[in-house]
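Consider the two complexes below, in which chain A is the common component and chain B and chain C are the respective partners.
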Partner chain A sequence: MRIVVTILAVAALASVPLWLRDPYLLNALITTGIFVIGAMSLNLLLGFTGQLSLGHIAFFGIGAYVSALTSLGFDVGLPGGFRLVHAPWPPIMGFVLAILVAGLCGYFVGLLSFRVRGAYFVIVTISFAEVVRLVALNWVELTQGPLALTNIPSVALPLPGLSELTLRTKMQNYYLVLVVALIAYLLIARLVHSHFGRAMRGLMENETLAVSVGIDVTKTLTIAAVISAAIAGAAGSLYAHYIRIIDPEVFAFINTVTMVIMVISGGKGSLAGPVVGGMIFGLLPVALRPVMAPEAQWIAYGGVLMAILFVLPRGIVPSLAQRFGRRGSRTPVLAPVALTETGAKELA
Partner chain B sequence: MMARSIAMTIEQVAVRFGGLVAISDMSFTVGEGEIVSLIGPNGAGKTTAFNVMTGFLTPSAGRVTYQGITLTGLKPHEIADLGLIRTFQRTSVFPNDTVYDNLLIGLHRQGRVRLLDAILGLPGARASERRLRQRASELIEWVGLERLAHDAAGSLSYGEQRLVGVALALAAEPSMLLLDEPVSGMNASETHRFVELIRSIRDRGITILLVEHDMPMVMTVSDRIVVLNYGRIIAGGTPDEIRNNAAVIEAYLGHGAARA
Partner chain C sequence: MSEFLQHLVNMLVLGGTYALLGIGLTLIFGIMNVVNFTHGVLYTFGAYVMFIVVQQLGLNFFLALPVAVLAGWLLGAAIELTLLRPLRGSDIDTTMLVMIGAWIAMQSGALWIWGGVAKSVATPFPEAPLVLGPVSVSWLRLFVLAAAALLIVVTYLLINKTSLGRAMRATFQDHDTASLMGVNVDMIYTSTFAIGSSLAAAAGALLGPVYVIFPQMGDLAAVKAFAIVILGGLGNISGAVIGGFILALAEELGAGYVSSGYRDAMGFLIIIAVLIFRPTGLFARAERVG
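== the complex of A and B ==
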């Protein structure tokens, strides 16, 4: 049943460029797809470990800048009179480096903040995004600052036996984003259904108990942060090579908020949640644009979010799954003593 | 009594929270394969002692060694890796997961495979996954919860949740099990079954340290009893010795009753 739905959904998405010729709508679908990948990566942390990264766009933006700079090349002065010169590399190398560098940043942010977690993690991630934005804004020699990095080359795929295929058309980019999104989805699905995913779930539900059966908190959360950041970096790279211009505004807080909204409305902790939420909130501006002024659009945006959470409080996918299936299992009821007060009380 | 090799040694352990002395000076040993109970009135420091032994609390003084390894400074998950596994008084399950999934989480130590193997679904990872599922089913059967295997653990009765908690601890393949008030909230017949369960756990060669208020249960199941009051050990011995110990009777009936 589930596999049939998944195959139908993928087939439907793959067929879109065959009947949809409107470049404006196709463009909206491509950027939405890129943000859906970002939302999926955020969901890995928020939905499966319970840690809220409110600076998630930093990993996306780092991916975008790393990929752009790798493919554009740069020449910057370093302290002590050294110069760092990099000749342009193919965009595909930028894509790989974006994943690696974003993952590495995820590692350091995770290592720094997971010893304390919770609110501290939220604050560290916000600060991290802000610091990265300021670097992008002020290190003009490297990033062009507010003047933006322009003329970023499109992705070129080296095909075996043929010459390179440069993805210039919307249709080509649509399929590129779709393929990367599918890989990210499968990767996350495999991960959360593995032994590692169970460790994450255990930590989220009852950390004290999880630790007592031998689950290493810091290691588990750090691995989740690295993979999440790396996927966000991949999305950022796609963004840079598709839009072909990036400026420090990519790090804006509102972009993180958009991803959080996509995850929460679709249903955090469900694999399809960020896809569904992402499609709704990615395409909503497109639907509203002909009928509303930009200011009114934001109000409508908020209204839709509130309506979704009012009717389906756990998010669209989990709420619908509960309503239309999975019968026979009793719903969890909390035991007399609140089970949510895991650590503090037990150890008192 | 037959001499046994020693599994755990608690040496002069003290725990102070600011000015409050939770444990003042505690020393005792637990033999390999023994069932030892730690009893005492409320607030005597029993759970605190458990928290020290499992790394959730660092003692202010003294040390705990398990199979010759000093536990001070080890993190809880590292202590769990030595085979020293505990259960909890209140939060004994992962409430939103099914009983079956609870046990799969508990089998963490048995299921470690390389992350990449799991993501790629390599044969090694698949075989490991099959083994875990098999083992989870066995454990569920063993504690007698087959009927509830696919219910959310949080929806079970309190007594059933305790059983899941014990099964979870067993899933972690302990060589020594620390049970924190396992029969509280169980009725008489559930308690009776639980005593059988504890005996069969011991028959597998697992050492057991038990904190419990249910005196009849403690008297039946224990090889040895250690009595704590106000953070210090006031008596130790076989159930018969403890039953007739003046200091213990004083602590429970004299002072303890007045406080209750």
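== the complex of A and C ==
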């Protein structure tokens, strides 16, 4: 049953560019897909370790800037009269570096901020994202500040035996995002069902008990933060090469909030939750655009967030799963890893 | 040296309003354990009330401040009654996210009603600043400092000398016991949120005429308020006052001697540094919650 749903969902998503010709809708789907990847990475922290990071956009933005700068090159002065010069590299290297640098930032943020919990953790993560935003805004020599980095090249895939394939059309970018999203999904699913995943959830349920059975809290949380940040960095890189222009507004707090809404509405701690919530909230502005002024849309956005927390505090997917599926399971919507993997193999 | 003195004077003016913001948030955060993301919106709201009363209704500048405080009090009470009271007992993340939703909705509402163009408020003070030797300060800023000082003293007396204040402090220490002793905890929560909100509105009403008024002005104010609360320790009013002045000093010196672009980064850097090195705040005795 579950495997059928998974395969049908992926097949349906894969077929979209074949029948959807409207470039505006396709564009909305691509950016939604990128944000869904971000939301999935946030869910790894929020849903499986219970840590609410409200600075998650920082990793997304760092990934975007690293990838853009790697493929554009830069020439900046450093203190002491040195200059740091970098010649442009292919965008695919930018993608790899975005993942590495974002992961590294996740490591340092995790190391520092997991000393505090709850509200304090949230505030540290917000502060981190804002400091990064202010650096991106003020280090004009590197980032062009508010003038934005422009003309970021599209992703080019080196194909064995052939010349490079530059992904210029919306359809190509759609499939790129879909493939990266699938990989991220499978990676997170795999992780969550591993020994490490049980450690994470044990820690979320009862930290004291988890410590008493030998789980290293800081290490577990830091690893989760690194993986989460790396995936967010990958999403940021996709964003930079798709939109092809990046300015410090990418770090806006509202973007983190968007991801949080996607996770909470879909169902935190559920693998499919961020995907479902992400599709709804990514496409909601498209649906509302003809009927509402942009300001009114944001009012609705805030209103819907509050309504979901009042009406469906556990999120859409867990509520549906409880209604139609098995009863009483602690994590009712986790697709068994074996099934998800089979699904992917049959697709490949 | 005169430049430094000028920074100190600016710090005093800025610090007074920051202290108001900080006291308001530390009461709400400390007593109710609510991470109040609407605090910045209340700051914006206070500034717009000032704008409406002075510019649109054409009434007296000095009348506008009490009106803003009262309006902030009412809006705060309304938020508490409709959003927070039904969620009493939920976990801290849920209330935090509901507050974020309220913040987005109200800020977009302000954008819808008043538009994104910055507004300014005419003041009855002379243009020429007061010059004292090497430093100069505008009369408006002096008034802001005096009004902020007055409000801080009033709040201090309210918390420490009245029975409402005693009940609030008891609730902060242990709300179950306070409830057993006959304190109406629901009423204390509503009053706390309303008082905290009115202080944020007052800060906005005071700083709005100094700068300009626009819908997103509260975002940074909210984060600064969090910085002040963390600096001063949760629920610590004197700590919030000192924290407000420390933040103002850090911003003045950061803007003056590092780069004006990094003025607003000071609050965030303070938050990160304090939480890493001294997570209970600089002056805290009480144990940290959370």
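Keep this in mind: the second predicted complex is superposed on the first by the 316 of 348 C-alpha atoms of A that agree within 3 Å, B and C clash if a C-alpha of one lies under 4 Å from a C-alpha of the other, contacts with A are read in each partner's own complex, and residues count from 1 in each chain.
In the analysis below, contacts are C-beta pairs under 8 Å (C-beta built on N, C-alpha and C of every residue); 3 or more make two chains touch, one makes a residue touch a chain.
Remember, it's a predicted structure, so these values are computed and weren't measured experimentally.
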{"item": "Touched partner set for A:137, first chain B, second chain C, both or neither", "value": "second"}
{"item": "Touching partner for A:212 - first (chain B), second (chain C), both, neither", "value": "first"}
{"item": "Contacts of A:191 with chain B and chain C, given as first, second, both or neither", "value": "first"}
{"item": "Which superposed partner A:201 touches (first chain B, second chain C, both, neither)", "value": "first"}
{"item": "Touched partner set for A:301, first chain B, second chain C, both or neither", "value": "second"}
{"item": "Partner chain in contact with A:124 - chain B first, chain C second, else both or neither", "value": "second"}
{"item": "On chain A, positions contacted by chain B and by chain C", "value": "none"}
{"item": "Chain A residues within the chain B interface of the complex", "value": "187, 190-191, 194-196, 198-199, 201-202, 205-206, 208-217, 223, 328-337, 339, 341-342, 345-347"}
{"item": "Residue ranges of chain B in contact with chain A within the complex", "value": "51, 54, 56-57, 75-77, 80-81, 85-98, 101, 104-106, 108-109, 111-113, 115, 118-121, 125, 128-129, 132, 150-155, 158, 161, 168-169, 171-172"}
{"item": "Touching residues on chain C, where the partner in the complex is chain A", "value": "29, 35, 83, 86-87, 90, 92-94, 96-98, 100-109, 111-112, 219, 223, 226-227, 230, 259, 261-262, 264-265, 267-269, 271-272, 275-276, 279, 288-290"}
{"item": "Residues of chain A that touch chain C when the two form their complex", "value": "52, 112-113, 115-120, 122-124, 126-128, 130-131, 134-135, 137-138, 253-254, 257, 260, 264, 293, 295-299, 301-306, 309-310, 313"}
